Amino acid sequence: MDPMTFILITQLVHGLAYGMLLFLVAAGLSLIFGMMDILNLSHAYFFMLAAYIGYTIAGMTNFWVALLLAPLVVVALGMVIERFMLRKIHPFGHIPELVLTIGIGLIIMEFCKAVWGTQSLMLQTPEILSGLLNIGVFRYPLYRAFIIFFAVAMMILMGILFYKTRFGTIVRAATADADMVNALGINVPLVYTVFFGFGTWLAGLAGVVVAPFLSVFPGLADQVGFDAFVVVVMGGLGSMSGAFVGAILIGLLNSFGIQFLPTAAPLLTFGLMALVLSIKPTGLFGVRQ
Amino acid sequence: MTDILETKALSHDFSGLQVLENINFAVKQGERHAIIGPNGAGKTTFFNLVTGVYVPSSGKILFKSVDITKAKPYRLNRMGLGRSFQITSIFLKQTPFQNIRLAVLSKNKIRFNLFRRVDRMDEINEQTHEILREINLEQEAHLETSTLSYGKQRSLDFGMALATEPDLLMFDEPTAGMSRDESQTAVELIRKLTENKTMIIVEHDMDVVFSLADRVTVLHHGEILATGTPREIKENAGVKKAYLGETEV
Amino acid sequence: MIAKKSAPSWKQWVFPCLVGVILLAYPWVLGTVYTNIFIYFAIFSVFAASLNMLVSYLGVLSFGHALFYGGGAYATALFLDHIEGLGLFTVILIGGAAGAALGLIVSPLLNRVKATAFALLTLALGQLAYMACLKLRFITYGEDGVGGFPIPDLTLPGIASINMMTAENFYYLAVVVLSLCLLLMWFLTKTPFGSIMIGIRDNPDRVDFLGFNLPMTKAIVFVISGFFAGIAGAVYALFQNLVTPDGAFHIMTSFTPIMMLFVGGIGTFAGPIVGSGVMTIIEELATRYTTQIALFNGILLVLVVMYFRTGFVGLYLLIREKLFQKESS
Amino acid sequence: MAEKKLFFNLCLTLSLMAALVLLPHGGFAQEVNSSFNPSEMSDMSDFDPNNFQQPEGDTIKLGYMQIMSGAAASNGELFWPIVTWAAHDINKRGGILVDGKKKKIEIVTGDTQGKPEAAKKETERLCLEEKVDVLWGTSGSHLAKVIADVAKKYKVPFMNCLALSDELMDEKNFNRYTFRTLSNTTQWNMAMAYYFSKRPETRFSILCQDYMYGHSMAGAFKKHLKKLKPEVEFVSEDYHQLWLKDFAPYLTKIMATNPEVLYTADWLPDGDNLAKQVRNMGLELPIANIYITLRETLKALGVDGTENLINGYCFMSGDTPQTEAQAKLMKAWHEQWKTWKAPYDSDTYAWPEVVLGSTLNDTYWLFDVIKRAGSTDPEKIIEVWEGDVFQSIQGIRTMRADDHQAVYDMYISDYTYPTKEVYPGALYSEGFAGPGEIITVPQKYCTPPVPEGLKGRAE
């Protein structure tokens, strides 16, 4: 394989790996907006909280237990917040919701600092996932391959959940017309709460997955959160395929940008987002504002 | 008398679904014209095409002989086309006085004045009070609009449409959702307000139409079924069949 | 809403005079530290009030208002850095003009979106400005920012030349300039244009059909809001003698006035000013006793949104009403 | 007075010149004005950074300017045990005799929040309201600049022991109240360049943060290495966004150029993430760095990942105490550390090493200067500190009188495993590599000239 082809393939896979990681964070954000019309600005903080909790659990047991348990903790928190806070202020429009979720984000950040301190923490890569994956001449870090695999597995799971289960049918119906579903005797508020929990669960998973990859520190939410926002806004709020395409696009833009246009790389992301929004304010796949 | 509003071969469809087809329609200066038709006949679509909410798929709309097919709402208003809204469209958090005053400001072409206090523009305030008198809302002038009864809110809606002193006033189902009594009052108010004015009213309620209009056009399945005086329409067999036939079901 | 016409009495002059005396005496009574804190408060009052024009009068929330504020700050700093002999008021107006120009540039974009999409687009534009500011090192000097530029004296021709490097002198300048801004913004809400803005918040479609050009009207509001944010930025630049990307364009610079607005009370004119005051006091107290300022801010935001959506101004009105009722019964 | 000062400076200059001529390699003892000797240290067994006992009454006030809140609050936390340790020690010794009275040291915190405007506000508060006698700080060159400006305005001595940008002390920004005890960008890179001029590698890749600091660090390294080793090749040079998430695209790009050494000046969290992701990619090459020293990260990298880290911070290392004094301090700290509660129970604080050791050294120097000045009068402090030669536990430090820049030998180490015992029963690290053999870069190879405009300023 000539070196350029090798570089192109590697950058492609890098872009996919990072894009899929972003997708895990962004999917929950986008889903919650699509169904409940809430832009949860504290989403990235749930993600960070899960990373911290995952760090602690992994320290006591192992990575896999952390991956199972830590997201559940943030799910519980997310459901409580939806039930007792967001639901109460939903009638007052989107501005109070945005501000409330900023407030919740700040509180979560301070909570993390109080519990885990301010220093960077780093989770060891689980033994089984460290090292390199060898495919012929192509060697690739196993953990990055795991991220891609894991995110794809999550996507398939989501697909089954939405299109093959009763919960999925209700969710899709409620997204289209909440009043109608309500009239059918389904407890829509409960569906909302469970669904909000599901969205934060995805963020939680991403948080644990990211811990062996990036330092866990109080700025982690901002660090990854911005990219996740760009993804959902560009892909179209509320659209699952939008979140997927947006995430992959940002991932590829990042890796190829660094390879070929290094000085402009960080500007590319936000520039592209502003461009997409000014041409199609609802994002690439968005249907409603 | 000249035609103030004219449509030529006006057609509209929503992603393939034909709603209006080849409408040739005209309203003369000084005429009170009603458009009626059963549900789904295309009345509201027609109304929205004329008032610039939608752009028609094909055909032309002329207002005072000027092509307004693609004109934006604010332009139409400046040209002298006033409208009331089917769903009451007023500023609920403000007082009736402020509501009407906004319309009066527009009539006086005060749009980007950043240099005077509006409270001190005596002429504007005087005109506003005048209109409030006409629509019988003087008593409630400084209450919050959301606290008013539905009938009064509708009156305010008419008042705002009137305040810009349009050459053509358009009402979209003005009595929808009103009780018999309220409806009666509203019709009286419209009759009073549109004295010697040109008006188009889209209405479902036959009684309202026949007591208000000089001429009536009947829409059915997106096409014009008949046009004539209320008496002619009442006696038109086709209309009876189309209209009553469906309403009875 | 018409002002009650009562006979002019000495009573109505008591409050403004009292405020005037307090403002005049403030730096001499409380010293440099509190004088500077007051200048911060004043700058952020204007910044938050300029944001309030969008939130309370157009009904949209901007997450990137730092774009205008930072634009004004950088314009002022760069002009002073490169061009000698500019007057004090000239550079402040340059800051305002930069904010207004940015408002004009982004208005076609902003006009296309509303609600959440508006918030996100402004967020994106704000971040774009932040990134660009870091990247365009040859103009902005990157992370380190523009600093150490000469601060012009305030020259009143034939009367005096006042050095603006001392906290007390600068205080009076800031108070005058910023009060003037607030006064202008307040006046604006009372003009015919102000009534149109309020109309847009309540029912944009109707405003459109009353014959007002909606995009044009909104664009003018963006320009005006940008102008005042730019002035706030300009005064900030002069005050700090240093403008950095973090101070000017960082996302927190956009969030701070939002918090102030909510804490003070959305939908009122006094809201941003009261909010700025409350937040400044809280920050001052918090920094002295704890490092968890963000925790206080977060809890405050949650409490305000959950229980006092009308903010401190609303709370005050409520209490006054309650007390008034007691008196009358 | 002036005569005395002139005489003093003349003596100093002469002794300095003599030192430079006679003892260029720092191998011999230089004539010093004072020293920090851990043998004189108090019994520190009651020291607890979570519960620092502020003295009452008439005190010497030290303004601790740091980022205490926000996402970068780790900076404020990190150095708190350092200043409180030194203050506690001095206070237990009875304080410092100033202006005829023994005074203890009180620490007042100023939170810069990582923002220039907050830094300015807090420095003003500390200077005017708290009336601090000296300022201590701070992380971030742009913040240090603000503090230095305010310090100058209110004539408060400011010890900059953390911000290393050259520009802070150049002709434009110099002020006589600010003293920098930390090596600057040029010193650090001259030392690194000297170190690499002795090593065989010739192909270097540069990956730094994309802002002023990253660019000036890389620029200085390139310039000085090229001078010492003309055959060197910089095969790639990239600058990444702050707080970068995914380093892999850069690493693939770098790998394609086949470098022998990766140079980075990244600080946290970028430095940690970079190191981690470099090793994850299967890259074994040496990483020349300044801030990849956090134990938490080193632990996660493991032995394989940490060998071949080349750290150039002016540190004292845990595993090879150069003197008995150093070992004594190490032991006292490490034993005491075991009793500390969160957040100071973390491995980060296990030893007074790297940046912690360096600032601890500087803090003792500051207190020693105040002691010798016998006053908190800024003019007297300046008089003592300008041209001072101080025997620290990491060698001799000289405060250049003209530009207030401390100059000294620098130490660079290639990390190896296993590490030695610091004192019986205490390994420097387990599970990851630490400083191995320490290369001393003599002062003369890592000392830039005084900026042109400041030459002769102090005379």
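Labels for the chains are A, B, C and D, by order of writing; each one numbers its residues from 1.
The rule is simple: a residue touches a chain if its C-beta (ideal position, glycine included) is under 8 Å from a C-beta of that chain, and two chains touch if they have at least 3 such contacts.
For clarity, every value in this text was computed on a predicted model and none was experimentally measured.
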Quiz item: Can you name the chains that touch subunit A as well as subunit D?
Solution: C
Quiz item: From the C-alpha centre of subunit B to that of subunit D, how far is it in Å?
Solution: 78
Quiz item: What whole-number Å value describes the gap between the mean CA coordinates of subunit A and subunit B?
Solution: 49
Quiz item: Using CA atom averages as chain centres, what separation in Å is found between subunit B and subunit C?
Solution: 42
Exercise. Could you grab the centroid distance between subunit A and subunit C? Build each centroid from C-alpha atoms only and quote it in angstrom.
Key: 34
Exercise. For subunit A, write out the residues touching at least two other chains, lowest number first.
Key: 109, 113, 222, 263, 266
Practice problem: Check each residue of subunit D and list the ones that touch at least two other chains. | Solution: 70, 73, 76, 210
Quiz item: What are the residues of subunit B that contact at least two other chains?
Solution: none
Quiz prompt | In contact (per the touch rule at the top): chain pairs | solution = A-C, A-D, B-C, C-D
Self-check item: subunit C residues within the subunit D interface of the complex
Solution: 31-33, 36-37, 40, 134-135, 137, 141-145, 147-148, 236, 240-242, 244, 246-247, 250, 287, 291-294
Practice problem: Please name which positions on subunit A make contact with subunit D in the complex. | Solution: 3, 6-7, 10-11, 14-15, 17-18, 109, 113, 117-125, 130-132, 139, 141, 143-144, 212-215, 217-219, 222-224, 227, 254-259, 262-263, 265-266
Quiz item: Can you list the subunit D residues touching subunit C in their complex?
Solution: 68-70, 73, 76, 111, 113-117, 120-122, 124-125, 128-129, 141-142, 145-146, 149, 167, 172-173, 210-213
Exercise. Please give the residue numbers of subunit C that touch subunit A in the complex, ascending.
Key: 55, 61, 63, 109, 112-117, 119-121, 123-125, 127-128, 131-132, 135, 251, 255, 258-259, 262, 266, 292, 294-295, 297-302, 304-306, 309
Quiz item: subunit B touches which residues of subunit C in the complex?
Solution: 1-3, 187-188, 190-196, 198-199, 202-203, 205-214, 217, 220, 224
